[in-house]
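Below is one structure. I have some questions about it.
All chains are identified by letter, namely A, B, C and D, in their written order; residue positions are counted from 1 within each chain.
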Amino acid sequence: MKILISNDDGYMSKGIRTLAKAMAELGEITVVAPDRNRSGASNSLTLENPLRLEQQEDGVYRVEGTPTDCVHLAITGLLEDEPDMVVSGINAGANLGDDVLYSGTVAAAMEGRFLGLPAIAISLTSHNGTHYETAAWVAKKLVAQLKLSALPADTILNVNVPDLPIDEITGIESTRLGHRHKAEPVIKEVDPRGRMMYWIGPAGEEEDAGPGTDFDAIRRGAVSVTPLQIDLTRYDAIDGVANWLKDI
Amino acid sequence: MKILISNDDGYMSKGIRTLAKAMAELGEITVVAPDRNRSGASNSLTLENPLRLEQQEDGVYRVEGTPTDCVHLAITGLLEDEPDMVVSGINAGANLGDDVLYSGTVAAAMEGRFLGLPAIAISLTSHNGTHYETAAWVAKKLVAQLKLSALPADTILNVNVPDLPIDEITGIESTRLGHRHKAEPVIKEVDPRGRMMYWIGPAGEEEDAGPGTDFDAIRRGAVSVTPLQIDLTRYDAIDGVANWLKDI
Amino acid sequence: MKILISNDDGYMSKGIRTLAKAMAELGEITVVAPDRNRSGASNSLTLENPLRLEQQEDGVYRVEGTPTDCVHLAITGLLEDEPDMVVSGINAGANLGDDVLYSGTVAAAMEGRFLGLPAIAISLTSHNGTHYETAAWVAKKLVAQLKLSALPADTILNVNVPDLPIDEITGIESTRLGHRHKAEPVIKEVDPRGRMMYWIGPAGEEEDAGPGTDFDAIRRGAVSVTPLQIDLTRYDAIDGVANWLKDI
Amino acid sequence: MKILISNDDGYMSKGIRTLAKAMAELGEITVVAPDRNRSGASNSLTLENPLRLEQQEDGVYRVEGTPTDCVHLAITGLLEDEPDMVVSGINAGANLGDDVLYSGTVAAAMEGRFLGLPAIAISLTSHNGTHYETAAWVAKKLVAQLKLSALPADTILNVNVPDLPIDEITGIESTRLGHRHKAEPVIKEVDPRGRMMYWIGPAGEEEDAGPGTDFDAIRRGAVSVTPLQIDLTRYDAIDGVANWLKDI
């Protein structure tokens, strides 16, 4: 099994190093990851400028680009053989609820859809986490299961792992995305040169975090596994919109 | 009616100027847009650095940031009153099928969900289009209709307009996103200093472009209106994944 | 006379607009300037990525690049005829003493040396200046005089103009660069996400600002005109270094 | 002796690793260098955004910033004790003649003037050099000599080392900067999306490369050591400019 590994924290982050080591027990790995932190990059693609690739060591490449650039470049040009799977992470920090739209870690997995293959994004729910080994253990279990029993080719799994020792993990649950309240206001500050500046504020608190959501699973010490779709069409609204358009 | 206008081509693009003029006939507008071309930015948010905002003219602000930054900043800090609607565009070039994941124009509309309001992303299906007035005319019709008859608060409309005179437009249709074939390979070139570089290749050809898709509508000279959802959960896979996880 | 105009505050800044209008009274002008603020860019050149040029209006081009990129691109590729002179500015803020090493405004003038022509960098000594007309008046006088009486081809003039009405200007003086005290310490702050960040501190106070320096001229309400050299060799140290090397 | 080490090729480049190892034999070293390649950065300073610093390993810090940012940050905030010297390099590629104005390697040494200390910029004259050990050997000899016998506090040495084995080096010579012909024209190309782009062309050929220049020393297999000054005033033109200004 050939596994392509990427992330949005950069090729030298602890999360991707831990993940790569775990995945190497299951197959042949290649790491193609950003040369630095690209958190918040979402699915952005670099179209105006060329990408640069450097081989860091055997099987490890760093790209001056976004997570999506990395996976795109790996699959459509760099790798001689198509990988069988894309695994992205282990992200330093949760990607729960509305976070997934902004996440470069999730975007790297999404980009794996060009392969028609399953892809997994995996995050540790703490920015300064200590239990990367727990997330690596979860990744190994999920990848081994995927090898035995495929999911639909266009299914992305968004996995969040509590920052706990393995024996304190209470389960691995199939979940839906919860939702957050509206984000906190931007923070207005004056910079040291006297100019006004604005910082994007923190994400909002959990709003829809009840049973069945990823927020709820994490709160109870369980791993959340949320199936994501790439096709953003809201199918159940197509007829309603058709009616609505009649009156124009 | 207060309308917030943004885009990903930058505040000085022809598309946003044409849109702003049309929207001013329907309500009070504010333009908050990137200071330069940010195509391909997707939903990326600037978290590591502060944002800078400059008032370009009355009601027009330029931000050194992404489309998502612009809408986020406008709604959570800049505007005294919440707008009633977000309209993003008119993009120079189509946002059809899989394009929407990468699009900054669509992302700006998505960010409008923080308001719980309808949002529209509108694109002209030609990079060097000449019929921006047609797209502006469509935008006016849709916004006027939204004022009369609301759509679900979390519904985003992704609108593509053929680059044709108004009287050659064959209809306004409710559609689903089509799909493209896998992207073309990255293009490997040597730069003038002798270093290898890689360009992201063109998007793939249309694969799923049959009746009901946005591709199909555009091909027949009709405007496509695709309802999008922000919640990426694949609800119909949650039970399957639950079963799948049992065997781990 | 053909005059190339650039700056580091961006093509839409008040300073370059005022300068362009004044220079148009003396010759045929072309503006090639950064698409946004590039203060502090020094002589940096964009070597890894291509440059993009957009015509903003007749004779006005904006470049996604540094001031040095702009002048380099204009002279070695864009302009059909070589200009007779490069004028850079009017900068919003002083470029006195040690500032010149970091200044993009001065760098744009330096890049004019590829033409073997005189070049002038002109700055208004206030960040929120109101007397750009005074600086434009000085620029016109200097350029007219350069037309009559050439300076050595490799001489750059670094001009600073007090932010005063023309009739309060006390003179136009030939000066040397003064020197500043060591810069203030970097400012350590915690960003809204709890991460440490560092801001470059303010420039140091004036240390060598006595008679003959640019600092002194400005303090007395006079325009300072400092001839700069591009060749950084310390000629009077070559023999000393030769001796010093003997002992290695 | 405390030595601060930086460069413009990034903290993981072979040049800085080789230099750090050699300098560690002479004193206590700290490496503060860009997190990626910043060639061509000149003396640019990051004023609009904060800097981020990460400790890579003991005594090695990487900064998301320019070479000048790195040295500035180290000296004015990071290091508890002021270093005794700044050594920048070993650059992958020559910094001869007019190159020095654009060089981030030289700029890092220049920024050392805030310390009032000697600073050395050292480059290997081949982009894909193999003899970094030769440059490291030169650096050790120069630093040891500086410890014994100081140069004027504001003297920067710009050192270029031929890419040769140590026993083929023909000498270490005190030189002046040579000069290049005007740069080659920008290279106009069309990118894969059909948009025009411009690449900065190669540096010009050597024009003033006779006896006494750095070009000449390198050609003969010798190390060139050029003393540089930071004060750009052209002192011998001050009186001429004063006369010239009388006629305005």
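Criterion: contacts are C-beta pairs under 8 Å (C-beta built on N, C-alpha and C of every residue); 3 or more make two chains touch, one makes a residue touch a chain.
Quick caveat: nothing in here was measured; it's all calculated off a predicted structure.
K.L.:
Give the chains in contact with both subunit B and subunit C, ordered by label.
P.N.:
Shared contacts of subunit B and subunit C: A, D.
K.L.:
Of all the other chains, whose mean CA position lies farthest from subunit D?
P.N.:
For subunit D, the chain whose C-alpha mean is farthest off is B.
K.L.:
Would you kindly tell me how far, in whole Å, the mean C-alpha position of subunit D lies from that of subunit C?
P.N.:
22
K.L.:
Averaging over Cα atoms per chain, report the distance between subunit A and subunit C in Å.
P.N.:
Measuring from centre to centre gives 45 Å for this pair.
K.L.:
If you average the Cα atoms of subunit A and of subunit D to get two centres, how far apart are those centres in Å?
P.N.:
40
K.L.:
Name the residues of subunit A that each touch 2 or more other chains.
P.N.:
Residues 47-48, 50, 52, 191, 193, 199, 201 of subunit A each touch two or more of the other chains.
K.L.:
Please categorise the chain-chain contact pattern as a line, ring, star, complete graph or other.
P.N.:
complete
K.L.:
What residues of subunit A sit close enough to touch subunit B in their complex?
P.N.:
Going through subunit A, the ones touching subunit B are 37, 39-48, 50-53, 66, 68-69, 72-73, 76-78, 98, 100-102, 104, 107, 110, 114-115, 141-142, 145, 148-149, 151-152, 155, 157, 172-177, 179, 182-186, 188-189, 191, 195-201, 225-235, 237-242, 244-245, 247-248.
K.L.:
Show which residues of subunit A lie in contact with subunit C when the two form their complex.
P.N.:
48-50, 52, 187, 191-193, 199, 201-202
K.L.:
Along subunit B, where are the residues that touch subunit C in the complex?
P.N.:
35-36, 47-48, 64, 191, 193
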